[in-house]
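Two complexes follow with chain A in common, the first pairing it with chain B and the second with chain C.
On to the complex of A and B.
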């Protein structure tokens, strides 16, 4: 097992570790903007659109300067950037000038650019098999072969993106939320948008080296989706997405080194994506407000409270019922019944309060909403568990503190000591 | 003094209808209603005044100056439906946005900005909701935030696009009171509206619009059966058809 710190000190492990982390950080930050603008698919399209640039970059540099690895990667970056940018321009031309719907335009650009890349690569396969292989490695990424130069390059790009977001944070918030209002403030929203999309292209081009053309879109969107349910502030959204990006970059890289043995290897790019998707999945399940599991637990909790309060009501009415041990235990916990199972004064007051809410609501439905007397019981049965003390006060005032419900049952008076 | 002068304004705007040769002036301290049927160009008129839509022809001047010179004196309330309410910001942040025009880059919001934001929230009775995410609020509450955001702009002229659409009675009452207060302070409000029933109570000046300007002036002069019929009646069908034809022709579709 490789120690954790080795990933930051070992000369072979360090470049790919840091490279992946930086790249994931940058793409996570711009991903937030893409996600909030509901343009998530743009990452998918632009990363594929950059592929012909990668291929051309590989071959041109291989022909001109076959022995300089560094220059080759620079040429690839430039080529990729050029074509991704071309893809972006084609996209905006199709959407704005030719009036093609956004999803069709995205599909069209993705397929035609990517197809072109594959075509050029295949044409050159026979003549230069080695370079062909290198070009194809960009499809799924190749983190392991990164060098210190890559870190430097990625580090600079990440700093540029981070700097831009920090410097223009307020403007980005305004422009992405309400572009026309920002325009009336004198903010040049179109210019800001152009720069932002330029940075998005940059982040994608940086990213395809480690996670590849095919999976890049996931790295753009994953952290933003993960962070969204966890916060309601844009600044935290950026920060959390960045953190999740860095974490998945590191863990993906770490696991792809640690797990494999002599028999098989695991590629880094897909591993990063898997970690990022796992984060995303957990966030959607467990987020404090909207997580599926948290909501399920809250629903169970509420339905348990309803059963508990209904049990208390039955006791108050003197009905003979058998309650589950859990309900009995909880009733004792609340000190609503004593160990012998009879109502305590507190339990009696609580029960009367629930009955009061139930009957007040019935009066309200009949007197104010014009509902039929025989139909109001069921809604009141639900709302007796929901009405807050404030609403009870309002109801009492509105109905002039009635004494009887529509079924001529007495309404217990308001009890100030009741919880 | 006239706060706003519009001369020969013509707007060619894709998808929405066109504005043709609009001329009017607005004196200071009025609550002005902009009325007209759907697609009459009410919102387009506001957007043209704000420089969001480029007019084909005509001049617009606030306080006798072009828009670029007096931008900070003009507040804007867009239609509530024009933004995504799931956006991750709180009510407080949204209102604070009104200060961004005066805030330089990289400057933190000052104590003054925060105080102004708090006061505006208070004025629209939304202070208890300051930390809520905006999507958790009701339509009326969201509209109040938009108004508060315009209030912190501390403008002299306010342009409001359908502030009364889809809100509750209590909010409508609050807003009407607030507009009256603003008017007493000498501010001018231009409000896009479509409810004829409340027109006489809410406004003291009217612009009746249906692609062309039908009438503009004090409510007592302008708000009569004949003008309303000319604004909302079927007489403008020919004009609409001509507009569509012109649009198709100029964009090369016909």
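On to the complex of A and C.
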């Protein structure tokens, strides 16, 4: 087991660790923009479209200067950038000029460019097997062979992305959250899309080294989706997505180094993506406001409160009913009943308040909504759990503090002590 | 001895013609012919499905499937205890793999969208990348062979068997039968899902069936030609044919014709490059490039004629 700190100090492990973190940070930031514009799948197409550029980059640089590792990486970056950009242009031509539907255009550009890449790579296979392997390593990402030079290069690119986002932050905010306002300011969403496409291409170019061409789309989407349920503010969304990106970059790389033994090796890209997807899954389930489990728990909590209040009501009415131990325990917890099971003054006040809400609502339905008297009980039975003290006050004023409900039952007076 | 050995593009067709007219023994198919027959089967299936996928604006779901079939295949391998390091696929594995990948992809994408309240594009992207990553990790762990992941994408024509013909053409037959039998229903669900639903058609079933058939075709073809070629076949011919016709029947015939044409030409070109320039090029890659070139030509031609729709 390699100690965690070694990943930042060891001269062999450090470049790949930092590299993965930087790349995932950059793609996470760009991912937020893409996610908010609802164009997540464009990353998938453009990352595949960059593949022929990678292959040509390997080919050309290896032919011209076979021993310079730095120049090869630079050539790969340029090639990838060029072809991703070309893919983008083809995409917009197909969509706007040739009137091809968006999904067909995406799929077609993806398959065509990637097929071209594979064709060129197959040319390398027999004559230059070493370069062929190097080109193919970009399919699933290869972090292990990174050097300090790469860190510098990718660090600069990440800074460029960060700078762009900071510079255009107001833009992004305006266009995403108030399109008509931004139009009156003269900001066009088209302009934003151009910036976004540029950022995507940049993020892809630096990301394919660690995550790989095939899974790049996932890294653009994952952190943005993870952060979304946790915040409603754009700045926090960026910050959180960046943090999740960095974390998945580190953990994925860490796991792909620590887990394998001599029998097999784990590719870095898929591991990073699995970590990022795990974060995503957890966030979608457990987010405080909108997580699936939290939503479910809130629903259960509410229905429990309803049955608790119903139990209290039947106690107040003196009905003889058997309550579940959980309800009884909770009633005692609230000090609504004493240990012998009789209502305390507090319990009585609370119960009267619920009855009051119920009957007030019945009056309102009959007097103001013209409902039939025999029909209002059921609705009131549900709404008594929902009416807030403010609404009660409004109702009291509106109905001139009535004494009796439509069924000629007395309405308990407003009780200031009740919760 | 392969009679196509050392032949260039035109000689290739001369040999093919002689063999077809029976002047040369047909008892044993050569690799070139196996390739051709397999590719034609793939073209037939994919253009059939691709037309409906395009009409239903679901081609990116096909892209999802092209990634997740890897996981389906891995699971099928684990179920059937197939030997490691061997990519032979029997009919049973084909069906299991297709069902697993189609079900996982569609259901998880729908769950993410409806239950986890994720926007559609993000749901699609998240599900298939995750499943694909899982597939890659499982493949490397179980087969101890990290090269398989590459082969899934590029295909490996050298490893073609006579079995592949059976596999690909049985998938094609199944596609033909299922689409032919319910042709009117398919057309209706593709063009107007709401109307077909209100007429009482099981539109959901057709949706899942389409996903299943796509996964089936992808798996049947992946060993021979790789998933990317299938994707290109799914959208390319339909996209080209769409510029020339507005009728569904001619769209289908034109698309299938284009698919078969590029399949044959692709194999011949691949042989040509090998014979004349001694370049072993990926046949799949060649066919994809051919389709793209045809598409560019067709677009430029239609553009210059000014016949593009406004």
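In this text, the second predicted complex is superposed on the first by the 400 of 419 C-alpha atoms of A that agree within 3 Å, B and C clash if a C-alpha of one lies under 4 Å from a C-alpha of the other, contacts with A are read in each partner's own complex, and residues count from 1 in each chain.
Rule of thumb we're sticking to: a residue touches a chain if its C-beta (ideal position, glycine included) is under 8 Å from a C-beta of that chain, and two chains touch if they have at least 3 such contacts.
Please read these numbers as outputs of a predicted model, since none were measured by experiment.
By the touch criterion defined above, A:177 reaches chain B but does not reach chain C. Within the superposed three-chain model, A:35 lies in touch with chain C and out of touch with chain B [touch as defined at top]. Of the two partner chains placed by superposition, only chain B is touched by A:231; chain C is not. With both complexes superposed, C is the one of chain B and chain C in contact with more chain A residues. Once the two complexes are laid over each other on the shared chain, residue contacts for A:368 go to neither chain B nor chain C. By the touch criterion defined above, A:8 reaches neither chain B nor chain C.
Using the contact criterion defined above for the overlaid structures, shared-chain residue A:108 touches chain C, although it does not reach chain B. Residues common to the contacts of chain A with chain B and with chain C across the two structures: 38. Here chain A touches chain C in the complex through residues 35, 38-41, 43-44, 97-104, 106-108, 110-112, 114-123, 125-126, 136, 139-140, 214-215, 217-218, 220-222, 224-225, 263-267, 269-271, 273-274, 277, 280, 284-285, 290, 292, going by the rule given at the top.
Taken together, the chain C residues at the contact with chain A in this complex read 54, 57-60, 62-63, 67, 112, 115-119, 121-122, 124-126, 129-130, 132-134, 136-137, 140-141, 144, 146, 149-150, 153-154, 226, 228-229, 231-232, 234-236, 238-239, 242-243, 279-282, 284-289, 291-292, 295, 299, 303, 308-309. Contact residues on chain B toward chain A in their complex (touch as defined above): 47, 50-52, 71-72, 74, 76, 78, 82-84, 87-90, 93-94, 97, 100-101, 103, 105-106, 133, 149, 153.
Considering their complex, residues 36, 38, 167-168, 170-171, 173-174, 176-178, 180-187, 228, 231-234, 236-237 of chain A touch chain B.
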